[in-house]
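The data blocks that follow each hold one structure.
Each of the next two complexes has subunit A plus one more chain, namely subunit B in the first and subunit C in the second.
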Partner chain A sequence: MSPILNVENLSVAFRGGDAEIAAVRQVSLEVAAGECVAVVGESGCGKTQICLAIMGLLPANARVGGSVRFDGRDLLAAPRAHLNAVRGAKLAMIFQDPQSSLTPHLRIGTQMAEVLVEHRRSGWRDAEAAALAMLRRVRVPDAARRMRQYPHELSGGMRQRVMIGMSLLCEPDVVLADEPTTALDATIQAQVIETLREMRREFRTSIVLVSHDLSVVAGLADRVYVMYAGRVVECASAADLFAHPRHPYTAALMNCVPRISGPVPARLETLPGQPPNPAERIDGCAFAPRCAFATERCAREAPPLRPLEGSTVAACHQPLPR
Partner chain B sequence: MNDHGLQPSACRRLLANRAALIALATILALIALAIVGPYVNPNRYDTLDWANIAMPPGLRHAHWFGTDRLGRDLFVRTLQGTRLSLAIGSIATAVSLAVGIVYGAVAGFVGGRIDHLMVRVIEILSGLPLIFFVIFLTVVFGRNIFLLFFAIGAVSWLNMARIVRGQAMVLRGREFIEAAIAAGAGPARIIFRHIVPNVIGPVIVYATLTVPQIILFESFLSFLGLGVQEPRASLGTLIAQGAAEMESAPWMLLVPGAVLAVLLISFNVLGDALRDALDVKRN
Partner chain C sequence: MSAPLLQVEGLRVEFDAGRGVGRPKRFVAVEDVSFDLRAGETLGLVGESGSGKSTLARAILKLVPAVRGRVSSDGENLLALRGAALRRRRRDLQIVFQDAPSSLDPRMKVGDTLAEPLEIFEPAVGARERDARIGRMLERVGLSPRMAGSYPHEFSGGQCQRIAIARAMMSGPKLLICDEAVSSLDVSIQGQIVNLLQDLQRETGMAMLFISHNLAVVRQVSRRVLVMYRGRLVEAAPRDALFAAPLHPYTRELIAAAQSPDEAPARIAPGTADDEPAPGAVAPSGCAFRSRCAYAAPVCGERAPRLAPVAVEHLVSCHLAAPK
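Let's turn to the complex of A and B:
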């Protein structure tokens, strides 16, 4: 199946003073129709920048390279009119913080309906009816009353569900979800993930899930890209990745997740050291300074992404054994 | 679908402020008086009463606030002057709102080189000495009340544009604006639907403070003889005439002076109260 969203050799760099800060380095990823793809990595590894680059939301001082092909057209080269026609209609985004991503002075119903009025040229009455139906589908209780309320009158989980509903109004092909549960507390997180899962089943929408939370990813994703210092270091189906992490960084990430079952370790594992400074040039493997298995070759020569057993593709000179 | 405007809670806070209520009532009363006042008095602003020249105020005769050197009724002239001052104040404020909001929001949201250029224009215009500008206009085009509107309008939007631009720049970085862009809203929709309504708070406050500034400025121009011309009166011309008779007929200065002072104080009190009421952080 040909991918609906195909990101090739995407680089994002920012001019900051005299240094150039590379946030994303030569990242390629593809999303098939109906697929849920996760992008994981620690803070600052470039996950969010990929989303912003796809949506054309990067600030003016960003330099973007590569291509983002969506529906057969390169979004990076497309004029703004095309972007505005695509964004919100075929390609939607759910933001991290539902607190601040709803316009405060517009009622929930109004902001939702506006998306339809803008993209579908619907009348207000139809658009509001559709918004109400959508609120019910994303299980917002008492939807008719919520329609008339302002964002600050809703709880965080409710607002995120409104955001999810709003992103799905035009039945987009791809939804980018940038840390959709990070700003919510744990019980609400589970509900929101459940909503996302149901929505995916119901609308057959592709989801690009950006998260640092492996438990969120495990519950939702078909395929996972692991990023480190602006690069993809490993990509595999969720089953392969969680069963057999091949890149030492992936394995280290998983070790950092607290477990409920099994023997209780004396201390929760953490990953020593800091990610590299994005303003610096990296010659070898970016993870080498923190890697327990690094050799002299790792510091000198950057490992390319190469296919391993199963669905796994990893960038490592000595991948962990299966 | 018009749901912006004052939040109910802000309204409540404003109404709980007694000084603001008094100021609001005073302004409304002065507006009402300025509109209907001249009709409840038998005198007209330009009729000369040769029998009662420079008559002191008194309620038993026809001229409640007295008359001026030409025997014109001061009550009617003061109200007519108030009306003109208020009209100039509100029209110029409306112009400054319309131009300033659009200009500021566009500059702040678009940013970059366009913003740079737009800010330079504001700086050049505000660097212009206003008095020379008005004198220059009067010399070229003659004395004309519309010229006054134009001259005041041309400069009064500058600060409004600055305020709105600052707010728009802050808002541009906010997530809900990004979310709106991500939902496919074009620049015009972002500016008018998502940015402008969110700057309305500071804009209302500033507008309330602009009205008295403009009234004062018009009075100043009229005082210099550059503004409203005889036989019409504005508060400024009345004060100028009164100042000349200050020693022999103090009421000619005191009556319009008191009205101007009450009007300005009321607007300023109301503006301050609005600022407090709209300041969400205080609650």
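Let's turn to the complex of A and C:
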């Protein structure tokens, strides 16, 4: 099946003073219809920049290379009018902080209905009825009253449900969700993940889930891309990735997460050092300085992504045994 | 068992929540909180955002005023102290905040930041010894003594947190309060900082009050755990008892929601009413949790449950979980 969203060799760089900061380096990823693809990695790995590049929301000082093919067109080369027609309708985004991505001075009902008025040329009355129905579908309790409220009157979890509902109003083909549960408390987080799962079943929407949190990803994604220092270092089905991480970074990331059950270790597993400075040129593998298995070759020669067993593709000279 | 290092009794903290009709509205952030903290122990404090965890920590240090209650150490009520006496006491009680980069003064070199506690608490220390101690402390938290001449913006988030920990450790505290100290760090860095805190504790014998919304991290470091919900303690128990057999329905919900990546994802009933308190919501009468509690009985609406012992060191505030 041909992918609905196809990102090829995407690069994003920023000019910062006299240095150029490479945030995303030749990233390719594809999303099939109805698929949930996760992009995981730590802060600064470039995962959010990928979302912003896809949505055409990068700041003016960003230099973008590669292509983002969606619905038969390269969004990076498309005119603004095309982007405006696609964004919010066929391609929607849910941000981390629903507080600052909702308009504070508009009632929930008004800002939701506006989406349909703008993209579908619906009348306000119809649009508001559709917004109310959507709020009920994303399980916002007391939906009719919420329609008349302002964002500040809603709790964080409720606001994120409103954002999810709003993103689904035009029945988009793809929803980009950037850390959709990070700002929420654990119990609310679990509910919002469940809502996303339901929405996926019901609307057959593809989801690109960007998160630093492997447990969120594990509960939702079909396939996972792991990023480090601007590159994809491993990609696999969620089942393969969690059962058999092949890149040492993926394995380390999983080992570092403290457990809620089982014996309590005397010390937590850690990953020594820290990610490289994005302004620095990296010749070999970017992870080599922190990697327990690095050899002299790793410091010299950047490993390309290559297919391994199962669904796994990894960029490592010595992938971990399966 | 050793005498408590810190005794918190009936603490209540209120904030002005803007003016309503008639008289000013008060928002109760911490209500009737009591617990002991023993020398050298780590006490975890968990709860959702807005549950009052940070306010409780700040009230203990007298960074926000408590309207009622006592915080005592060695028989002395810390909340009654002022001026020089309070400052002397703060030498023993230090805090590390969540957002390390913004808790450091951007215009001060790291060395000057670490010198400040010495200037305040040990003014007799000369420049040479001061610099030597700063160098040793930087090394101890995993940084290079050469970094004393750098400014905070030259460091990553994890390194800034190491600096903040070094600053707190300079005065040799008996209690270190860690207020979401690892929450904004990436997992690979988070473990480094947790291990550092545990090492420092083993070396110095200090106690820790470890506040976090991350249950797995709290489980790693704590001997006992307190659970807070909307300003009140709802459960207090030794670590293993709490995670193996949580008694309060809220604690159970929290633990169920904290899944690990390779464990089966927790299936939360999708029909669960999203009943987290909206900002500024008025606390209902009776048990504050009852509106989202699957077991709520009529008694829960009539009166608020009180924290009561059910086993050794295990207390719960629930009409249904506690013996009558």
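Here, the second predicted complex is superposed on the first by the 320 of 322 C-alpha atoms of A that agree within 3 Å, B and C clash if a C-alpha of one lies under 4 Å from a C-alpha of the other, contacts with A are read in each partner's own complex, and residues count from 1 in each chain.
The working rule: a residue touches a chain if its C-beta (ideal position, glycine included) is under 8 Å from a C-beta of that chain, and two chains touch if they have at least 3 such contacts.
Predicted model, so just to flag it, every value in this text is computed and none were measured.
Q: Given the superposition on subunit A, are subunit B and subunit C in a clash or a fit?
A: Once both complexes are aligned on subunit A, subunit B and subunit C fit side by side.
Q: Rounding in steps of 10 degrees, give the angle subunit B-subunit A-subunit C taken between C-alpha centres.
A: So the angle at the centre of subunit A is 80 degrees.
Q: Which partner does A:198 reach: the first (subunit B), the second (subunit C), both, or neither?
A: second
Q: Quick one: is A:105 in contact with subunit B, with subunit C, with both, or with neither? Answer first, second, both or neither.
A: first
Q: Scan A:97 for contacts with subunit B and subunit C and give back first, second, both or neither.
A: In the superposed model, A:97 contacts subunit B only, not subunit C.
Q: Would you check which partner chain A:141 touches, where first means subunit B only, second means subunit C only, and both and neither mean what they say?
A: Touch partner of A:141: subunit C, not subunit B.
Q: Looking at the overlay, does A:317 come into contact with subunit B only (first), subunit C only (second), both, or neither?
A: Neither subunit B nor subunit C is touched by A:317.
Q: Looking at subunit A, does subunit B or subunit C touch a larger number of its residues?
A: Counting contacted residues of subunit A, the larger count belongs to C.
Q: Report for A:156: first if it touches subunit B alone, second if subunit C alone, otherwise both or neither.
A: It touches subunit C, and subunit B stays clear.
Q: Answer with first, second, both or neither: which of subunit B and subunit C does A:85 touch in the superposed model?
A: first
Q: Is A:260 contacted by the first partner subunit B, the second partner subunit C, both or neither?
A: So A:260 only meets subunit C here.
Q: Quick one: minimum Cα-Cα distance, subunit B versus subunit C, in the superposed arrangement, integer Å.
A: Closest C-alpha pair between subunit B and subunit C: 5 Å.
Q: Using the superposition on A, tell me which residues of subunit A are in contact with subunit B and, in the other complex, with subunit C.
A: Residues common to the subunit A contacts of subunit C and of subunit B do not exist here, since the sets are disjoint.
Q: In the complex formed with subunit A, which residues of subunit C make contact?
A: Interface residues on subunit C, with respect to subunit A: 48-49, 156-159, 186-192, 194-195, 198, 213-217, 219-220, 239, 243, 253-263, 265-268, 270-279.
Q: Enumerate the contact residues on subunit B facing subunit A in the complex.
A: 1, 3-4, 111-112, 174-176, 178-186, 189, 193-194, 197-198
Q: Quick check: in the complex, which residue numbers of subunit A touch subunit B?
A: Residues 55, 57, 60, 80, 83-89, 92-93, 95-97, 100-107, 110, 114-115, 118-119, 124, 163, 166-167 of subunit A touch subunit B in their complex.
Q: Which bits of subunit A are touching subunit C when the two form their complex?
A: Interface residues on the subunit A side: 42-43, 139-141, 152-158, 161, 185-191, 193-195, 198, 212, 214-215, 217-219, 242, 252-254, 256-261, 264-265, 267-272, 274.
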